[in-house]
Each structure stands twice: as C-alpha cells, then as structure tokens.
Amino acid sequence: MQVTTFGEIMLRLTVPGNQKFVQTDWFHANYGGAEANVAVSLALLGDQATFITKLPNNILGDTVIQKLNEFGVDTNRIVRGGKRLGLYFLQPGAGVRSSKVIYDRNDSAFAASKDGDYHWDELLDGTDYFYISGITPALSEELQATLLSAVKFCQDHSIKVIYDANFRGKLWTADEANTFNSKILPFVDICLVNDEDLENAFGLKAFDNRNHQAIHEKDSFKQSLEELTTNYPNIKLVASILRNIYSAQKSDWQAILLTDHKFYESSTYNMQVVPEVAAGDAFGAAIVHGVLNNFKPQFQVDYAIAAATLKLTIPGDFNLSRDSEIRDAMTR
Amino acid sequence: MQVTTFGEIMLRLTVPGNQKFVQTDWFHANYGGAEANVAVSLALLGDQATFITKLPNNILGDTVIQKLNEFGVDTNRIVRGGKRLGLYFLQPGAGVRSSKVIYDRNDSAFAASKDGDYHWDELLDGTDYFYISGITPALSEELQATLLSAVKFCQDHSIKVIYDANFRGKLWTADEANTFNSKILPFVDICLVNDEDLENAFGLKAFDNRNHQAIHEKDSFKQSLEELTTNYPNIKLVASILRNIYSAQKSDWQAILLTDHKFYESSTYNMQVVPEVAAGDAFGAAIVHGVLNNFKPQFQVDYAIAAATLKLTIPGDFNLSRDSEIRDAMTR
Amino acid sequence: MQVTTFGEIMLRLTVPGNQKFVQTDWFHANYGGAEANVAVSLALLGDQATFITKLPNNILGDTVIQKLNEFGVDTNRIVRGGKRLGLYFLQPGAGVRSSKVIYDRNDSAFAASKDGDYHWDELLDGTDYFYISGITPALSEELQATLLSAVKFCQDHSIKVIYDANFRGKLWTADEANTFNSKILPFVDICLVNDEDLENAFGLKAFDNRNHQAIHEKDSFKQSLEELTTNYPNIKLVASILRNIYSAQKSDWQAILLTDHKFYESSTYNMQVVPEVAAGDAFGAAIVHGVLNNFKPQFQVDYAIAAATLKLTIPGDFNLSRDSEIRDAMTR
Amino acid sequence: MQVTTFGEIMLRLTVPGNQKFVQTDWFHANYGGAEANVAVSLALLGDQATFITKLPNNILGDTVIQKLNEFGVDTNRIVRGGKRLGLYFLQPGAGVRSSKVIYDRNDSAFAASKDGDYHWDELLDGTDYFYISGITPALSEELQATLLSAVKFCQDHSIKVIYDANFRGKLWTADEANTFNSKILPFVDICLVNDEDLENAFGLKAFDNRNHQAIHEKDSFKQSLEELTTNYPNIKLVASILRNIYSAQKSDWQAILLTDHKFYESSTYNMQVVPEVAAGDAFGAAIVHGVLNNFKPQFQVDYAIAAATLKLTIPGDFNLSRDSEIRDAMTR
Amino acid sequence: MQVTTFGEIMLRLTVPGNQKFVQTDWFHANYGGAEANVAVSLALLGDQATFITKLPNNILGDTVIQKLNEFGVDTNRIVRGGKRLGLYFLQPGAGVRSSKVIYDRNDSAFAASKDGDYHWDELLDGTDYFYISGITPALSEELQATLLSAVKFCQDHSIKVIYDANFRGKLWTADEANTFNSKILPFVDICLVNDEDLENAFGLKAFDNRNHQAIHEKDSFKQSLEELTTNYPNIKLVASILRNIYSAQKSDWQAILLTDHKFYESSTYNMQVVPEVAAGDAFGAAIVHGVLNNFKPQFQVDYAIAAATLKLTIPGDFNLSRDSEIRDAMTR
Amino acid sequence: MQVTTFGEIMLRLTVPGNQKFVQTDWFHANYGGAEANVAVSLALLGDQATFITKLPNNILGDTVIQKLNEFGVDTNRIVRGGKRLGLYFLQPGAGVRSSKVIYDRNDSAFAASKDGDYHWDELLDGTDYFYISGITPALSEELQATLLSAVKFCQDHSIKVIYDANFRGKLWTADEANTFNSKILPFVDICLVNDEDLENAFGLKAFDNRNHQAIHEKDSFKQSLEELTTNYPNIKLVASILRNIYSAQKSDWQAILLTDHKFYESSTYNMQVVPEVAAGDAFGAAIVHGVLNNFKPQFQVDYAIAAATLKLTIPGDFNLSRDSEIRDAMTR
C-alpha cells in the first residue's frame, strides 16, 4: 500500500523563547506543512509515503528534500521550479500575549504553481491513497482546479482520497471554502475534520455557542458528523479531535471516529504542556496508518489520539514518533 | 504633552536557566530601572518621554543611552559623569528555592550624584509631567534633597508630579521612608502604590494579616486608599495592583483606581506563567498614558492591568508592548 | 566526624530541551552517581566527605575528580585504572512521552572492578561512617563480595554503615536484590528506603495496590518500616521519602523517619516544577548530616525533605545547596 | 548640516559558523542596506542623519525602525505600506568554498514602491545632502524615475547629491547601469566608486587585466578617475577603496581621494581578518562626515580608510564605530 | 552502477571551541566513519550508494540510519544487533596543544560483529563496486576474515574492489597491517593510499626522512606507487593526496593519480583554514565518482582534490558538497 | 614544599565573539587574577599551593572559592569580608580595533583590605615560598605596607619570596612603581620580569627604541637583567618572556633565565593563534614548579616557555595544563 500526499511545505522562522521580534538576533528554522508532516509520520511508521509539491530550484529547495529524505519519505516526484520557498515568521504567544504570524508565502513555488505542473498519471502511478488538505485550495483558484482534476483522476483509477478539512481563515473566507468543498467532498473516501472546520469549511453547525468546550458538547458534534456522511455517502470514515482548552498549557484531548454508522470514542488525555504544533497532522497520519494496516476502529481512534498528544511534546512540524512510542503513550 | 521620568538605570546580570552562580559561565545582560522602564513604555505608546539620570562617561553609559534611544526615549538630557554604572547580579528562584540578589550599586554615578548635578530649570523645560519613584530617595539623603527641590520646581511651574511609592526594604527602613514620604506627598498629583507599599512607605495599615491575599481583602485596602487621599487632597488619582499569589507560576491580578472619590476596578486575570519583572512599571506607564490621552477611568484601569499582565510575558525590564497589543490583551 | 561514600560515578549525556535523539547535535554533559552526590552534598554542608570509586586513567577520569574537588570532596583515595568511564544517554520525557535511557556502562572501570582493587584498611582509615547504596551490588557479583567484605571491616572497626536501598530493576531482579540485602542488612546502622524499594529490594509489602499514592497510604508503609527494624534490630534509624505524583510537574513530597520506635513526619511540600534528578541522594545526605550534627529527629526529617525538594530545582546530579539555603527552604 | 539617505533595508538571514543550509536549525538575523548603513554611521559620528525607505506595515517593519532609532537615525520620514520586507539568505564561504546567497527581495515594499510614494518636497525639507547608491536604480525602472526626480529636486533646492556607484551584477546588466548612470551623474556632487564599479557601472576601463590587484595598478585607476571628473565636472570629489586580495582572510586596503584635480592617498592597511560586510558603506559615511566637518582631504581619506577597516571587524551591517575609535584605529 | 561501502560508523563527541574536557558542559554530537562518509558523498553526487554496517538495536542505531537516509544513502541492508554504538571523545588541539582522543569503541556492535553476521550474497546482490578501508581489519581478526571472504565473493561475482589503506596506528601495528594487506591487495582494483600509509600499511618506503613535506618529495613517492602496481598488477588505479603542512591552519594540498602506468597531478591548493576532518574520504568518494562516470584521469584527479579541500571547510564527517560546488571550487 | 600566593582575584565579564558592548545580551563570566592563576597552575602540576586574598562574604565570594578548589588549590586561608568582588568588563579587540576594558574594581574586598586583615604568622605558617606581584602594591598604599610587612616576615622565617614585576600603567605611575620596588626588591629571591616591566617598574633601560621587537634586541635586555642582579644580589634567579609581535595572531615567543651569572635561552615558538590571556602567569608558575622540583636551568626555561605558549590556547585565566601536556608541547 502506497500513500501520496500533496501540498505546500514552508520554512518557519520562529522567535526563540518568549522574546519579541525586536529582541531577537536569531530565528529558529524549521520546515513543515500539513501534507508533508503526514508523509513523514507515515514513513516513520513503516508505510510507503510519497510527498508531492513544487519547490524552487535553489539550495533551500534542496534542503527541504533532504529533510524529508531523512525520515524515508519518497521525494522523487517533487516538481522543481518557481520563484521562491514560502515562509512565515512566528512570534509565539505567552499568557495574555497573542502569538504573531507574518505570512510571506505569496508567489511561492507551490502557491503560484499551475495545473499543468502536475502530471497526475505519472505522479500518482502506483499510489493507493491520495492525501490532501483544505489548505491547498485556499491558496489559488488554479490550485482548486488542480485538486479537482487530481481527485477525478483518483476516482478513475481506484485511488482512495483522504481529505483533511483544515480551514484557514487567513487564506480564504468560509463562503469560498464551502463552495469548493461542496465540489470536492463527493470524491472523498476518508474525511478528517476539526470542530472549527465543520462550520467554516462545510457549513454544518456543530455547536450552539461560540466559546464551546468541544468535549462537553460532543453530542451536537456527532449529529453534524452524521449529517456529513448522510450528505456524502461516499465518505466511509470520518475522524475528529475534540478539545477542551483551559489555558495555554492545560487542555483535554479526545478523538471520535465514525464509520459504518457507528461512533468510536478514544479515552481523554489531560495535557499539561505548552503544546507544539501539528498535532492534527499526526492524528491524520495515524488514522491513515490504521486504514493501511486494518486496525479495528476502536484501536484506530485510540492509536490516533495517542499519536496526536505525543506530537504536542515534540518540537518542529514532524511527528518523530515510531509505532512503539505511540503504543507506549496509549498506556499512560 | 511631554513626560519626564527621573531615576537610576542599572545593568542586571542574570544567571540563565535554573542554574546557580557556581554553575554558570554566562550572565544575561539587561539594562533597566523603574523610571527608565516607564519612559520606554510611554515612548512605545506614542507619547513624548524623556528620561533623566546620571550615567558614567564610558562605553557602558553609552550603551544604556543607545538601548533607550531604540524605543524613542529622549536621552538628550541625561547627565554624564561619576565613577561607575550600578549593577546587580540575579540568580532567579525556582520552587522552594529563593531568588538571590547581589546588589553592587554603591558609588554608582546616579547613587553618588549631587543636587548640583541637576539643573531643573533646564532639565524640566517644556515638561508637563514629572515621574519619580520611592527608589531614588532610598539611595541617599542628597537624592532626597534633590527630589524635593525638583517637585518644588514642578509646583512652581505647573508640572504635575507622579509618584510611584515603590518601597525597597533593602535600601532604607520603613521609618526613613515614612519620614521622606510625608515631605513629598503634599506635592504629588498622581500616586501609584502597591499593597506592600502602603504600610511600609506611607504608614497606612492596609490588611489585618501579614500573609493576606490582596484581592480577597480589597475592602480594607480601599479604606486605606481613601485615607491617603483624605490626608493629601492634592492627590487626584491613585492606582494600585492587587495580587493573590498561589505559587511561583500561578496568581491573580486585579487593578483598582481611585479618582474623584470613586473607585474603579479592573477585571481579574488568572496568570499561569513564570512572571517576568517590572509589571508595576508597565502598569504605572499605562496609567500615565491614560492621563495623557484622557482615558475614562474604567478604561484606564482595564488598560493598565492588561499592560501589566502583558509585561509578565516579556523578558527584560522594558514593556515592549504597543497600544494595539494592550488592547488585544484586554479581550483575552 | 568523617564520612566515606563508595560507588560509581558516570557521565550523563542528555538531549537538550524537548528534542529527540535524532533532532539534536548537542548533548549536555554531567557527571553524577548516587554515592558521589551524597559526598558532594555533605562537603557543601561543611562535613568531611571522602568519595571512593575506580576511575579510568584518562582525561575523563581526571575531569570527574576535578568536578568533585570543586565542592570539597576528598578524592585522594579514588582508585585509578580499568577500561572506560561508565556513561548513559538520556532523552527526557514530556507529557505522554516517556523518557528514554540508553545505558552504556558495561565494562566501566568501576563495574569491572575487583575486590582486590580496594584495600579497606587503607581506604577506610579514619572514617566514622561508610555510605553505600543498592546500586553497587547490582553491578556484579564481585562487587557484592566487595561490599560484604567492606561492611565486615566496618563492623570490626566501629564504623557505622549507612545503606540506601536504591533498587534498580534494569540492573538486577527483585530476587537477586532480596538475596543480597538479606546478607548486608545485618550490618546496617542507618537505612534509607523508598516506597518502591521496600517490596522489590527488601521483600516487604508496603502497599496494597500497585498504583498507590504513597502519602495517602502512609499507615501501611509505616507498618513495613516497623517490620524492617524488628527484623534487623541493628538498624537504628530508617528514613523514607513518600510521594504522591499527579503529573509530570505536579507532586506532593513528605518524609518519614523512624528511630527509637518512634515515627517523625515532615510537613508536605506541593511541588509544581519539572523535577531535576537525585532528590533522593540529597535527602540521604541531609539525613546523614543530621546524624553527624546531632539534629533532633523532627528537625532532621524536616531538614532532609527541604534538601530533597530544593534539589528538584537544581540542574545536574549534585545538590549545590548550602545549609542556609536548606533552612530558608524550610520556611517556605 | 543634515544628511538624508534613501534606499532599501533588508533582513539578512545568515547560516552560522561554517555550516551549510542543510546543517543549520538557526539563522542569524540582521537588518541592513547600503544607505541605511551610511545613516547609522553618520548618526553615531554625531551628524544629523535621516533615512528614507518604504517599509511594510507589520512588526518586521516596526523592528527595522527601532533598530535604526537605537543609533539616533531620524526615521520619521520613512514611508509605510507595501507587501513584505525584502530578505536574503546567506551561507558564508570558507576556503575554496564560495558563499551562497539566495535573494528573496522581489515584491518587497521598497522594490515595488512607486514614484508617487515619495513626496520629495516634504521628505527632503531641510536636508543639505542627499545620499543614494547604484543599488536602488537596479531594482526597477520606476525607482530609476524616482531617483531622477529626486536629484532634480535637489538641484533645484541646492541640496548636494552623493552617489555611491555600488554596481550589483545580480540586479541589472552593465549596459543598463551605464545607461542610467549617464543620466544621473550630471547631478552628482560627490561620487564614491569601487574598482569593480568603474568599468561595469560607468563604462570606464580601470585595469588592463581581469585579475588585477588594485593597489598595484593604482596609476591606471587614477587615470580613469580623472576621466570621470573630466566628463562630469559637476563632480567635486571622488573617493575609492583599492584592495589587493591575497586570501579569504588576508588583504591590503588603501583609499584614494580626488578633489580639485589633486589626488590624496591613505596609508595601506594589511588586514588579517575574516572580513565582515559593508566596509564600503563605512567608507562612504566617513567621507561624507569629512565633508560635513570640513576635514582636510588628506585627513579625510586617512579617516575614511580607518573607518572601513574598522568595519571589517564588526559583525552586522552597521559600523558601530564612534569618532574616537576611528581616530584610534588611524594610529595602529 | 551501484556502490556498496562497508565499515563502522561511530558517534563523535567533541569538546566545543578551544575548551578542554574539564571546562565544558556540552559535547557536540556527530556521526561518521570513513566508509559511511564515502557513501554519503556518492549519494549527494547522484550515484547509487549503499552502506553496510552493524548497528545496535536502540535509538542511537536508529538515529544513525536517519542521518544517512537524509543524504539518500540506501540503509536497508544494515545489520542490526550487538551491544552498543562505538563512540569517541575529541578535544581538538590548538597551537602547540595536541588534540586528545579517548576511544570508546570496544565491544561496539560492529567491532564485535562476526563473519556470520554478513551474508554477502544478499548484501552485495546487484552491487558493482565494493568500497572498504584499512580501518575495519584493524578492529578484530574476525573482521579480517570477514573482509577476505567478502572480496573473494566480489572476485567471483565481478564486483570491483576499492580499498583505502587508512592505516590507524592506535588500532594495530604496522606488522599486523602489512600481513593483512598482503592478503587483500591481490583482490583490489582501485587503491587509495596516503603518504603515511605506504610505509606503515604496505611496507613500501616512500620518503627518506621522517619529517618530510610530501609535495616536495613527490618523486620518491611516485616510485613507491609504481612499485605497488608492479607488485599487484590487479590494481588498475591508485590515487593519493600529498600534503605539505606548515602550521595548524596553513598547508598545501595536491593529488596524484596513477593509472595505465601514467601519472596525473592535480594543481596545488594553498589552504589557510583550521581544517575539518575526513578530507581523505571526500577524496576517495570523488575518485570513485570519477570511475563511475568515466571521468578522464586528469579531470578525475583535479575533481577529487577539489572535493577534498572543500571538505576541509565543512563541519562534521560528511562532505555535503554537490557536483556543482566541486566544479566551482575547481576554478578558485 | 608549599607555595603561597597572595593577590586579588576578579570576575571578568567578556563580550563574546567580535561583538561590541551595544550588540551583546550576554557576558562570558570568568574568574582570575595573576597570583590565583599561579596557584592553580602549581596545584595542577602537583605542587602544594595556597592562595590568600580577601573575598566578600556573598555567593560570588563562595563561587570564587569553589572554582579554585576545583583545581586543588588550598583556599582555607582566604580572608572573608569587605563590600564587593572586583570586576572588569572586556570587549576584545580585532584587527585595527583596540580592546576596551572598563575596570570596576574600586572598593573591592581586596583593594580596600587593610594590613590588619592579614595575620602573616598564621597565614604563612608552614609555607616555603611566597609569591606576589606588582599588581597588589598598585592598588593602595595600605597594600604596599601589607606586602612589605609580609616579606619582612618571610625574611625572618626563611620563606623565599618570588616577585612578578607585572607593571600596570592604569593603576599607578612608573615613579610610584619604582619607589615601591626599590623597597621590596631587597627581599626578593626569584624575580619574574617582562620586557615592558624593566623600564617602567624597575627603572632599568632595556631597549633603545620604543617599538622594539624584544627577541631581536635580546642582548641589551640581558644587560639590564645583569644590572638588576648586580643591584640586588639577593635575587638568585630572574626569568623573562621575550616576544616579537607581528600581528594580532602572529608572534614569536622565547624565554630567558639568569641564574648563577649565567643565561639560559629557550627555543623560540612561532605562534599563530589569537592568544588567550595570562601566559605570563603560566610562565611564572612553571618557573616556580621548576624551582620546587629542582629542574636544571635549561630544562626549566624550556618547560616554562612551553607552559606559556600552551596557555595561549586555553580560554580563561587558568592554565589547565598538566605536566604531561607541557612536556608534550616541548616536543612540538
């Protein structure tokens, strides 16, 4: 079984410690992106994972490829060209202080890429699963068209499509997201969707109040997931993380999985850490890993939430956890 | 409107991490002082701020000036001369371990400065507000005389005086502080006073028990503030931070403001951070900013406590927050 | 009064921050070992402390000696020779992530040392107390024989023996430990024993359930301690730390001391820190310091738990606390 | 006397040590640009210096302004707006290894700025000298037009124009440079020109062979300078640095100044350092400082080469040297 | 064409800066070994490279594999098992101060590996070239037998053997080396041999005096190389680096290549850097790259010396240079 | 044989890298002083060394003592008390840039110490050699008296006096130094004197021209040394380092020793390093070590210059070299 993920990978430049931009002489450099993160997770779990993107033909592009190779991701199908690597600056928040992000991803090789850059017959040759997220269509209309032509190719060639809703309000509006998602959801076999995504990206009301704690209102959330699978019967599996957030370093995490009209709930983790990013990608990868390896649904959702909470403790975008470590975390 | 602050700025040498003196080969260097911190805050908020002190005529003195210039503070009236820059060594505490401070500020250019070093007619020319604190009179009798001659000058030239009580038990006794404060309070228009200052510096009993949690005993504190403004009717505005402290990294923060015989209370912030220093100076600066910009009292006190809690998250002595960041913190 | 401790000291190589092995280009280097830690604590508290071990005749061996000299430990009786310095790699845990240890101590100069390497008549000449732990006999049968010949020497020469049970499940089995301990306990005057040691190392059942919180089940623990002193009436003093552990950075700590058939309990500390290692050694050293200086039992146990909680805040293996700092922590 | 400089300031992200891109997790961050560097130098030398540019309206833009304020540069006339801050990545060379630069400055606020962004009557109000370089016209035709309108404004308002040729082969061709320079040189009063610029930017042949050591072939270089001032008699002063480069860390530096048809040569410095950047800007600033303060030509050229060689030892783009340090370096 | 290299890869722990062991709290961690370095170089140059070794089944073993994957080396044939990863501590020298190495590689998984661990029919399946060095036979007699059985397998299956003499006086004596080399040289097709190796490892006298500068005495060295190929006519190509060493950071480097009875000499590089390690491995890899890609001998030797001098500037054991960078260095 | 050294030890705060004060947020912390450095060297060489000074009764004082203990120096006779630890800030020079020192040692515990602080009968009890330098008398007249009473005590108790001239022009004038030295030299048995000291401190003309290279003018220097021993026949041994300095990182070092009317010259070392400080103290210590161990004069001077050049490569003030390392350096 072979999984291909497709999306943008960027350079993140982070202000260290609790400093502010004006205080620092150093940026911590880190490469990541939702779909690349998933490919790395899968490769470390022993699955065959290919990552497709477009990278500039310079040393930064080469560096990205080496960082992916390190974890065993197949990078041979990455398209080279374009002007620059997308990047963003991050000044993490603390206490009452918000985090600050300065996106500098316009005109990146991927964001400016064209449908014609991707020859799906070659790129997806031999693939069994195609993993994409809602970030890519938010980047350009061209990329929306690209995604739709890709999923059509998948449908024609019996490649299963996995879609992580991943709504990003800074990149497009809820209306734009809804419009696009109504076009792509009919092609999706497995759907990952956060509590925040359901309403913004899919137009389904999940909670009554804006400041909900998701685990407390699990029931209304479940109703929405059922509605989703009723609307799109092609979706065979939906998985979600629900979080109650109490403070910057205190939160509860639970996962829920719907398949064959039945819900499976993971145990709940009380996290007391300043969380690292990309837990959702670790979760998505673990769900896919379960599909590839025929995990039973209950084990699959338990395994995936353990992978997600483990990622909260690991610096960087990639979940560097191996199978034994996830199973160890399941017992704690 | 132009504000002038006057006091000492020192070099702080801090042992990094949780290390002890004997473990470290490195000291983190940082320049700060109550009145300089206020000037920086005001300059960053867009007000015209001048800082006056006496600095040695060496590279460390030059460095202090450049650090202040960075944030837009007017440093042109700083007096140069004297033997050395005051400094102190700090080994921060952790858990049951107390922090350790080694002061090395004797004979500093400022502490040894004389009344004749400061020509108030030139130094305060054009100033509307004069900001001082209870640290300066604790340094020498000469500086007590200097402050008294300065506030008399202010009275004669319609310059408003802002006084932050800032009692430092390591520098003088409560008796000495009371004696001096009874001389200067008749000249004060705006007074900032902590829960710990009221009793030690002003001789007013604020709480019944020594280990009080200030927010819980707000009422007795208010009585003392009223007594203060009754004793010194020249004081038009008093503002205070009240804290309940639960552990090294858990505390509640609320502010209170008394003006025109009426109390205004801010909302309460539950802080879960290892706090950085100088929140009181950030608070004082924000109160002054409100005065300069005609904030309504309720907004003023809400704004000031947000500035203070924001400072708790920022390394160093200076509150690097801009107006938009304080307003953002008010909504969190 | 002179104390001699005997055991292995190793190089610890720690992955910094929350990184994983594959992410780091740097290891933090630190030298420590239970018995060396005790010697350092005692020397810093002003007692005469000698540390005996076997170290390789290379620069790493020299470095260990200099690190011990720094704190005033007498290192003149250390035996030199053997192949290598024992070392281990540590990747600290975080949240649901377990810590990972890779031991690399086989064939170390100490682990491979022979009975004949230690001439107790010379090495213990002038000593009043001999401090050992249950780690040493776990390293080899030869070292078991060495320890037994040493304690017999002590018995013959009126040197008191202090034994810290310190069971290490990675080095030997509970059965092996029980067998050896039944041979050495008849020589022991002062015994330090953790809640986890009692059952594994001494074969005494301390708690009914496996996931006990020790402070909550203090009574059953006390019964076991009484049983220990009944079985081995030569043991004049037993001291233990009891912990309730709520999360990686939240725990309660209390100590208990049994002497003259009477129990003394310390106050309980609520710790909210990511704990540093070797609190048990700090505790043991403080108990011994109390013995050397004729502390009353209640003060002794209060002093020792303060020393232990202080160590939780100090990086490295050595408790760099002096007497005044421990007394200060007792009041917090 | 007041000097205004105009140009782009960028964020430089440098790979630390001798590492390569793929090895580093950290970039050193540094802000600089030829014309900003000159403004900083002048401000530190005590001259009134204003820097004009266009910066994005985000925190990085604010940070740049604070960094300039630190040294006393007037930043009040900086235009805000546009998409992003220009930046570039630098992997320094070593031995036979070339340095690698990845420019990422397209679409920067300055590079994309329009003539209409700059209202010269306001921006140059009160200015006596206007300092520009050949980097700006290389960025866009729009900026060429902007510069020409600016220098016309200067001519009409008796503002002297200082032009540093600063040819950058990565930004435009020699032909393009020659075409533009033939338009701007008639407006220039003071010209700074490197050995590499003369041919590429001004179309004057300075040396016979490509791999010349400039000091050895000073005579042919002088001829070209004379030709320049003959062609453009409006140019009252020309100054140049000549270098013999023997290896990455060994070179000779000499300066030459032509005014009133007479040449002045500085002494020659044998440099044995890995040189920091921006020595040319330090030189240019020192020449301007000499003009502002009526230095005699021989002293002016000696002073300027000392400033340049001093900059070779200072990390970052800004020459943090004060007058006393330059005079000290002149004696070494 | 596919190359397989076989040998040990170790963890190097280096004291940073000019510090001594007793001064440092940090070790820089780096993985490398002659044959692994060659595999990395080849993979980065675009060749198919497989590395075979035996690594312990722990996280350090996993880490080594990921570090090799990063550069595209095929690690699928690495044998897992054994006790520990070999390691060594390095305190670099400076000026008159010698570097200090503490080897701690006894009992490493590779050093203790047995002939039966390596199934050459599987491990070398599909390989065209087999690269080994004189370090491996110095580790144990078992590994000598292993190497001899491997090269016999190569002879039987038309796999070319490349042998880097790499004499290590700390691991075995010249006599032992000569004895073994006389057995393996009849199987070698390509031989890499340093000036220091010829005499110690092959028993051929290369220079008259002990403190020779190799480039100055090139002629006598050439005679020895001719003697080598006369003795072992199976050796079709010999390549060597010759160095004149003037000080810790000043040396001349030249390479020499003998094939078809003809000598080819590279140009000479004057290096003025504190050299990084493993230039010889970079050289060997480049020679092999030339063989794989049919470089003409003169170009091959020029290319290889450029690769070697480039490595002198790159931290760590791996030559991170790509083809374009080597060609660029050839022109400097 | 037991050596006691007496003088001040200070905290040095150094700006890291090539940065300037205004650029750094960190100071490197290091403790050192001429006489303490000598004690450390001797202890590491295996001699019995005691250091006497006066240190403040705070954590910085404790830290100094621990740093000395690390190397085996006897610190039990150090006097405690006084106001503060002396310190100085150092910004190292580079290229044409001078180093900058800001002394902040006034009022230090040692500088302000009184004759009555030192009870020589107790402090020098059991000592065979007393080592002092010309820095101490430069600090105060009180310390001049102290030194004179100490050397008289030595004369009365057959303790040999070693005096390192160590003239410091920032602390006193040449006239003051000459006056004091004429009083103390009659008590000196062994004298260490630099080329710069002879004229300034002893009033003996050593070189004709001011910018001499000392090795080139060895003969005139020898004449002065002879004159010194003629004037003070009590001086049995004089040793000096002579240096030719070519650039910041290039110099020649040679030592000369005069005893029994005969000169011994060491070989000359060509140093190509950025030198660390305190080579002179390493030299002095090695001379004393030779005296204690009856080295022959030629070996003694060779050994001492090797120790000095070794120190040039070791960060910090202490020469961390052991006997074997010095002997190794002698062969390079």
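Note that the chains take the letters A, B, C, D, E and F in the order they are written out, and that residue 1 is the start of every chain.
The rule is short, and it goes like this: a contact is a pair of C-beta atoms (placed from the backbone, for glycine too) under 8 Å apart; a residue touches a chain by one contact, two chains touch by 3 or more.
Since the model is a prediction, treat every value here as computed from it, not as a measurement.
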Relative to chain A, chain with the most remote C-alpha centre: F
Most distant chain from chain D by Cα centroid: C
Chain pair repeating A-E, as identified from B-F, C-F or B-C when over half of the contact pairs by residue number coincide: C-F
Rotation angle superposing chain A onto its copy chain F by C-alpha atoms, nearest 5 degrees: 180
Homomeric contact chain B-chain C: same or different residue positions, threshold half: different
Intercentroid distance (Cα basis), chain D paired with chain C, Å: 65
Distance between the centres, which are taken as Cα means, of chain E and chain C, whole angstrom: 46
Distance from the mean Cα position of chain D to that of chain B, given in whole angstrom: 43
Residues of chain B touching at least two other chains: 22, 62, 66-67, 70
Interfacial residue positions of chain D with respect to chain E in the complex: 17-20, 22-23, 93-98, 247-250
Chain B - residues contacting chain A, complex: 70, 269-273, 276, 306, 309-310, 312-316, 320, 325, 328-329, 332
Chain B-touching residues of chain D, taken from the complex the two chains share: 62, 66-67, 69-72, 322
Of chain E, residues touching chain C in the complex: 13, 21-22, 24-30, 58-60, 62-63, 66-67, 83-84, 87, 89, 91, 100, 102, 104, 106-107
